Amino acid sequence: MFKIILPIFEGPLDLLLYFIKRDEINIYDIPIARITDEFLNYIRLMQSLDIEPASEFLVMAATLMEIKAKMLLPKEKNLQAEKEQDPRQQLVDRLIEYQIFKEASKAIEEKLYENQNIYFRGIFESDIQEIASKLKTFKPANVVDLGKAYFNLIHKKEDEVKEIKLNQLKIEDGIEYITSVMKTEKQVSFSKICSGYSLPYKILFFVAILELIKQKKIYAYQSEFQSEIIFFSTSNLLN
Amino acid sequence: MLNIFFELDREIQKRIIEVIIFASEEPIPLQKLSEIILKNRSNNKLDNFSEQTDRPESNNLNQHILHLINEIRDELEQTQRPYTIVEVGGGFTFATTPEFGKVLSLLPTFKNKKRLTKAMLETLAIIAYQQPITKPEIEEIRGTNSSEIVNSLLEKNLIQIVGRKDSPGRPFLFGTTNEFLKLFGLNSLDELPNLNEIKSFVNEKNRAEEITLKIEFEQENKIDGEQNATE
Amino acid sequence: MLNIFFELDREIQKRIIEVIIFASEEPIPLQKLSEIILKNRSNNKLDNFSEQTDRPESNNLNQHILHLINEIRDELEQTQRPYTIVEVGGGFTFATTPEFGKVLSLLPTFKNKKRLTKAMLETLAIIAYQQPITKPEIEEIRGTNSSEIVNSLLEKNLIQIVGRKDSPGRPFLFGTTNEFLKLFGLNSLDELPNLNEIKSFVNEKNRAEEITLKIEFEQENKIDGEQNATE
């Protein structure tokens, strides 16, 4: 069996450099039509795998197509512009700059490798004091940590209402409650079912009622538009 | 590693224990030292060590390591190093000797860098962004009593009382200090990251990795590179 | 403190230098060691040291401290400690000897500590060479969103916020940390691989490729031409 692993692309520039290397393309003379096709194929591939390409890929696709269009302009018209600048120039400059930093990252990785067998002292006096005072989670904080702490707090508050409380409720409990109510009442309104319960329970009961209607265990009846919906138990109707 | 370890010269055994303690980022418990020596897989939480560690060999190993640590301590003392190995927070770590620790306390450089617990950071964040703010309001956001935390922030001089609120009980209003600005390298409160900036730090998913994972499962596709056809 | 220091026994002098280096969380520069010894007030930024440090005594003191450090290194080696004093990140700090560091790197607990992803290395290289630099500028070079990576580099304490840029939106400026220098074994940013050399290397490689491709292209054309001629 063959398993195909695509190299990880750090972005559209990385992908373009990959094509250039793989197809042995001269970076100073990129066959723009061909590489645009390759690029678009890759985006289609991503989409066929249900991966929404990051916006920068789409921006690059647009850029490539723009360059391609410029290159296709009739020669005479293009002659002046060509003297000024090759439409590919800006892209090539970016690719080469990116190449340089990719190469630089290999050079610093080499440094990391040379230094890999050196470890520094792990704990310092101040850490020990903190450990001793049982406050184990001290860490140096920067301004982004501060912002993140605030951000997370704000969002935690919202999430609490949306998720945590609802997660504690089970649909079965709702069904059981509604069924028990319907045993004693021949007919009941939604507001009566919900009276005294908080919003999460109201949602739970609503979902439970939908389920019971689906199972044909209760009927819903509305006398006129926008009036209260009344529920009947099917067993009561039969009796 | 156990067998190899015991085959080593006792001096080398000591050096290995010493270097592990030296480089560990937390005080390292005896049991963990044993595990590292014993099976070289202490990092694997799924492994069940209980079987091995109940075995008498393990106790012997613990004893053996303790002996080695004591010998290292003796060496450090005899060679007059100004530090030794101490046991703190349930593990072993290096620390200055009390004698030379005193020398350090005379030096201005060794004031602790300000460090914050998660709870302190949280509380400080609320105060920084919503100042002036009262303790009840802070507690409303955090959902928990924050008296102790507010006090320790006051002690660290990161917050201060800036007034009283005109509401029942006239609670204190808290705000951040200049010390706070200094600690976070800010010139003014205007420079606090705004929530949109922070969002860009917390919400992103690593798309690149996601993409590779998904593509790895695909059997065939048009783009095949150099390093692809493995097995 | 200077007078007192020189009156001390040389052994004690060494122990004081050793304990300061040992207890310092950041690599401590020679100059700072001198200042601590000299005036015991290095933390006070308002003091102007230039007067003192220009005095010949200060150079002598620096030399003297260097001698002491070398003697401590000898002692550490002779007593077979698995660590020594190294100069990295612009100062002196304790670190494992390569020999015992190698032992540590074989242990799972320590092995993965130094691993960085390709994306992290790439971003780190851009920040290291172009600092101070903003996130949009990093993203311009990488051609892709880099929030996640910048965030994890911040968390690993390899980069830090060094200010805000005076441009619309006042974005953060990022730079590398001492931790970065330590991890990569650099004493200062000057020791980074030379970017100009890397530039010419990349350009030469691209040119060489261009030439090879041209020759191949011409040869193919020639063959095509010959084939056409024979037909």
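Should a chain be cited, it is by its letter among A, B and C, assigned in written order, with residues numbered from 1 in that chain.
The rule we apply is simple: a residue touches a chain if its C-beta (ideal position, glycine included) is under 8 Å from a C-beta of that chain, and two chains touch if they have at least 3 such contacts.
Please read these numbers as outputs of a predicted model, since none were measured by experiment.
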| item | value |
| --- | --- |
| Central chain (distance from its CA mean to the mean of all protein CA atoms) | B |
| Remotest chain, chain A as reference, centres from CA atoms | C |
| Whole-Å gap between the CA centroids of chain A and chain B | 29 |
| Whole-Å gap between the CA centroids of chain B and chain C | 23 |
| Chain centre separation in whole Å, for chain C relative to chain A (CA means) | 35 |
| Residues of chain C engaged with two or more neighbouring chains | 22-23, 25, 83, 94, 96, 101, 104, 110, 119, 145, 151, 154, 161 |
| Of all residues in chain A, the ones touching two or more other chains | 8, 10, 54, 119-121, 125-126, 140, 142-144 |
| In the complex, chain B residues that touch chain A | 19, 22-27, 86, 88-89, 93-96, 101, 104, 110, 112-118, 121-122, 124-126, 128-129, 141-142, 184-186, 191-193, 195, 197-199, 201-202, 207-212, 214-216, 218-231 |
| Residue numbers on chain A that touch chain B, as the complex places them | 1-10, 18, 22, 38, 41-42, 45-46, 49-51, 54, 119-123, 125-126, 128-132, 134-154, 157 |
| Chain C-touching residues of chain A, taken from the complex the two chains share | 8, 10-14, 24-29, 54, 56, 60, 94, 96-112, 114-121, 124-126, 140, 142-144 |
| Touching residues on chain C, where the partner in the complex is chain B | 11, 15-16, 18-20, 22-25, 32, 36, 40-44, 75, 79-83, 94, 96, 100-101, 103-104, 106-110, 119, 135, 145, 147-148, 150-151, 154, 161-164, 170, 172 |
